[in-house]
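I am attaching a structure below and will ask some questions about it afterwards.
Every chain is named by a letter (A, B, C and D) in the order it is written, and numbering of its residues begins at 1.
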Amino acid sequence: MAGNSFGTLFKLTSFGESHGKAIGGILEGCPAGLEIDSSFIQSELDKRRPGGTAIGTDRNEADVVEFLSGIHEGISTGTPIGFIILNKDSKPSDYHQLKDVFRPSHADYTYTEKYGIRDHRGGGRASARETAVRVAAGAIAKLLLQKKGIEIHAFVSSVGECTMKKHYSEVDLMNTYKSPVTCPDAHLESFMVNLLEKMKKEGESVGGIITGLVKGMPVGLGEPVFD
Amino acid sequence: MAGNSFGTLFKLTSFGESHGKAIGGILEGCPAGLEIDSSFIQSELDKRRPGGTAIGTDRNEADVVEFLSGIHEGISTGTPIGFIILNKDSKPSDYHQLKDVFRPSHADYTYTEKYGIRDHRGGGRASARETAVRVAAGAIAKLLLQKKGIEIHAFVSSVGECTMKKHYSEVDLMNTYKSPVTCPDAHLESFMVNLLEKMKKEGESVGGIITGLVKGMPVGLGEPVFD
Amino acid sequence: MAGNSFGTLFKLTSFGESHGKAIGGILEGCPAGLEIDSSFIQSELDKRRPGGTAIGTDRNEADVVEFLSGIHEGISTGTPIGFIILNKDSKPSDYHQLKDVFRPSHADYTYTEKYGIRDHRGGGRASARETAVRVAAGAIAKLLLQKKGIEIHAFVSSVGECTMKKHYSEVDLMNTYKSPVTCPDAHLESFMVNLLEKMKKEGESVGGIITGLVKGMPVGLGEPVFD
Amino acid sequence: MAGNSFGTLFKLTSFGESHGKAIGGILEGCPAGLEIDSSFIQSELDKRRPGGTAIGTDRNEADVVEFLSGIHEGISTGTPIGFIILNKDSKPSDYHQLKDVFRPSHADYTYTEKYGIRDHRGGGRASARETAVRVAAGAIAKLLLQKKGIEIHAFVSSVGECTMKKHYSEVDLMNTYKSPVTCPDAHLESFMVNLLEKMKKEGESVGGIITGLVKGMPVGLGEPVFD
């Protein structure tokens, strides 16, 4: 079965493994005439990019998206937008020791059972790296929604027992991406960082909550039952 | 709306314009474990490639497909196969004179009305070049079908009034791609070539019929009403 | 696999066998506020209805559609329109002799191979009766298109070697459904009827051509590659 | 847009409003040869049926599903299963007072904005009654899964602050539907009932958690990214 598409009218189909040549996607349904602001798309990809903080993973991926179609002189043409992100930091050799080992809490075992064969280089298709494709397409979606007066925000509102009590209107959402834990509540942020550093030291992990926020949504979006 | 995908379980989504950086696609649903024979895929692309005969167009496109995902050490992994074909022979400058002209029998006018803006470089998305993507994906489909004992053939059986009377079993289908008009009936072929050369000289065109043939198809394929 | 739906935004999903309790469908995507003219829908169903002429089949099906949802006080509400057509003339006993026989040129053998079991009462799902569901949904589509100034016609333009030479503008398309062969060319009609009566007497059949005609279509409908 | 279908290979499309003639659906992709146990389907519908307890709503709906296609002599034939559930207890007159009133916490306002017109009889399409269609189709799915050794359970594990601490293996899941709050932990159940009765008296509501449980699921089901 397929299973790599999201959406009906505005639809992303993604491809790519963490350690292949490239990941990428095809974005269909973007109307003609939208100004594709590359620096905005890059800034969104930079937000996703791991590395650079004491509490994240060590892999450093400077994702640069290359558009191959659907854009002419910086403007969308209405045809599908094909794009790729090269895997520059891919070192399949780093994973040789995993060839015969299944990592816990990864899709390694499931993939082997499902497909019979396994691409052991990193998480393969099940790597978080695939989300870069969604971020690139999501950035274009954001540009489109902005034109219609719709704003989207997301922030970490809880890590373990550190939970934000303030209403979103009481904090400055612009602080979200200045924070190493993407929490706009500066006071709470330091508790979250302490907790995460403690957890990392102990080799432990802890759950959290992301709060999503949409402003300017028109009434009646979506369909009555599904979709 | 979307409109660039074909298939449900085995699904191709394509992107690309004739004079952008690249055309390409994502092929979903190819089962893991299929040997991806690159030279076979290239030979299929070479069949599609225009140029090289007295009766075709003059553009010469040596299409080379580059696979970016879904294949590991020559074997499909079950994940989506992303691929691109670079537009090496793209010369957008050749088309400057078309910036304000609509060619007859092309989608130029329709595109302008539909999208408001037009990428005037070649046929844009409506170019026959887009079919290279389908040929690459179709070649993988053929490899899969071959494993299941299914054979697919297609040949030109009629050009204008030159119509093949022989049953397909009376000709050698292997001759199809040796023929400049892809007609396996050597006798008829010379009449077709003469007719086409005459037409080209007169600045005229003529219709034809392609016969498709599938051998080894299992009983009951497809669904009762649609699909 | 599914395979009983047609369309994406305006979508019909159909169900039903020729000799079950009822056939029917669900029509999604009909906008709210459309006046559902029942007598028009009935007149479209009456056009499809076999029987009543010397040249058709003898089965007489007076199809009456019953709407179960999506319509309130004669106006579409925007929610899915569920409808059924009861199989009043269904006589499964007529088919007992077919229980162990495969009729030529029918889907009997294919169904048995595909599903393992066969509903031998009439053609089951593969009966032309299923098209009544499409006619009912198509009638609603026509009402919607009429509001947008789009007209659709279809007529028989050829039966065997009797081929209409006149352009559609030279005949009165309103005559189409007065004709027993649905050919608007009165002169040609008599030749077609003679040919069909002769064929029926000989236990033979003959091919034909239906010409479809759309007026008022907006420029740029449909998508560049598929759909 | 459509939006009334769920699934790809095994797909339900539903229709119907709470106070129209009937609700129903089309179930596609059910393989041929499955024994359709009507009494099991009825028992599933009875579980969904509101009414009969001190803590539920007062509306009493005895849902009886009528199958119109896809089943022959109690066995699925592989073709789409069309079915309807008549709205016997529908009293549109009960809702006259709502013609010009929007109920809080209902979709009344949203529907009016979305469709321009509103079917004010009950919740229309946005009524919980629509779920009866999913229960009927879900019951057939359960029959199919049972044949493959897959079991599905669901139970209320939390109402307000009454939270089940026991592991599901420590309770008898067969008790779930004997309980008026569908909680298999008999001890906890009485606290939940007390809390709900108190809430109902105060005209208040309270949140809860439903725990779903699948046993016998094969490894590798689903697709890597979406679906």
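As a working rule, contacts are C-beta pairs under 8 Å (C-beta built on N, C-alpha and C of every residue); 3 or more make two chains touch, one makes a residue touch a chain.
Since we're looking at a predicted model, the values are computed, not measured.
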Farthest chain from chain D, going by the mean of C-alpha atoms per chain? B
With centres defined as the mean C-alpha position, give me the chain C-chain D separation in Å. 35
Quick one: report the Å distance separating chain B from chain C, using the average Cα coordinate of each chain. 34
Residues of chain B touching 2+ other chains? 1-5, 8-9, 14, 79, 114-115, 125, 224
Name the shape of the chain contact graph, picking from line, ring, star, complete and other. complete
Residues on chain B engaged by chain D in the complex (per definition of touch): 8, 79, 224
The chain C residues in contact with chain D across the complex are 1-5, 8-9, 11, 13-17, 20-26, 28-29, 32-33, 66-70, 72, 75, 77-82, 84, 114-119, 121, 124-125
Of chain D, residues touching chain A in the complex: 1-6, 8-9, 14, 107, 109-111, 113-115, 125-126, 130, 219-220, 222-227
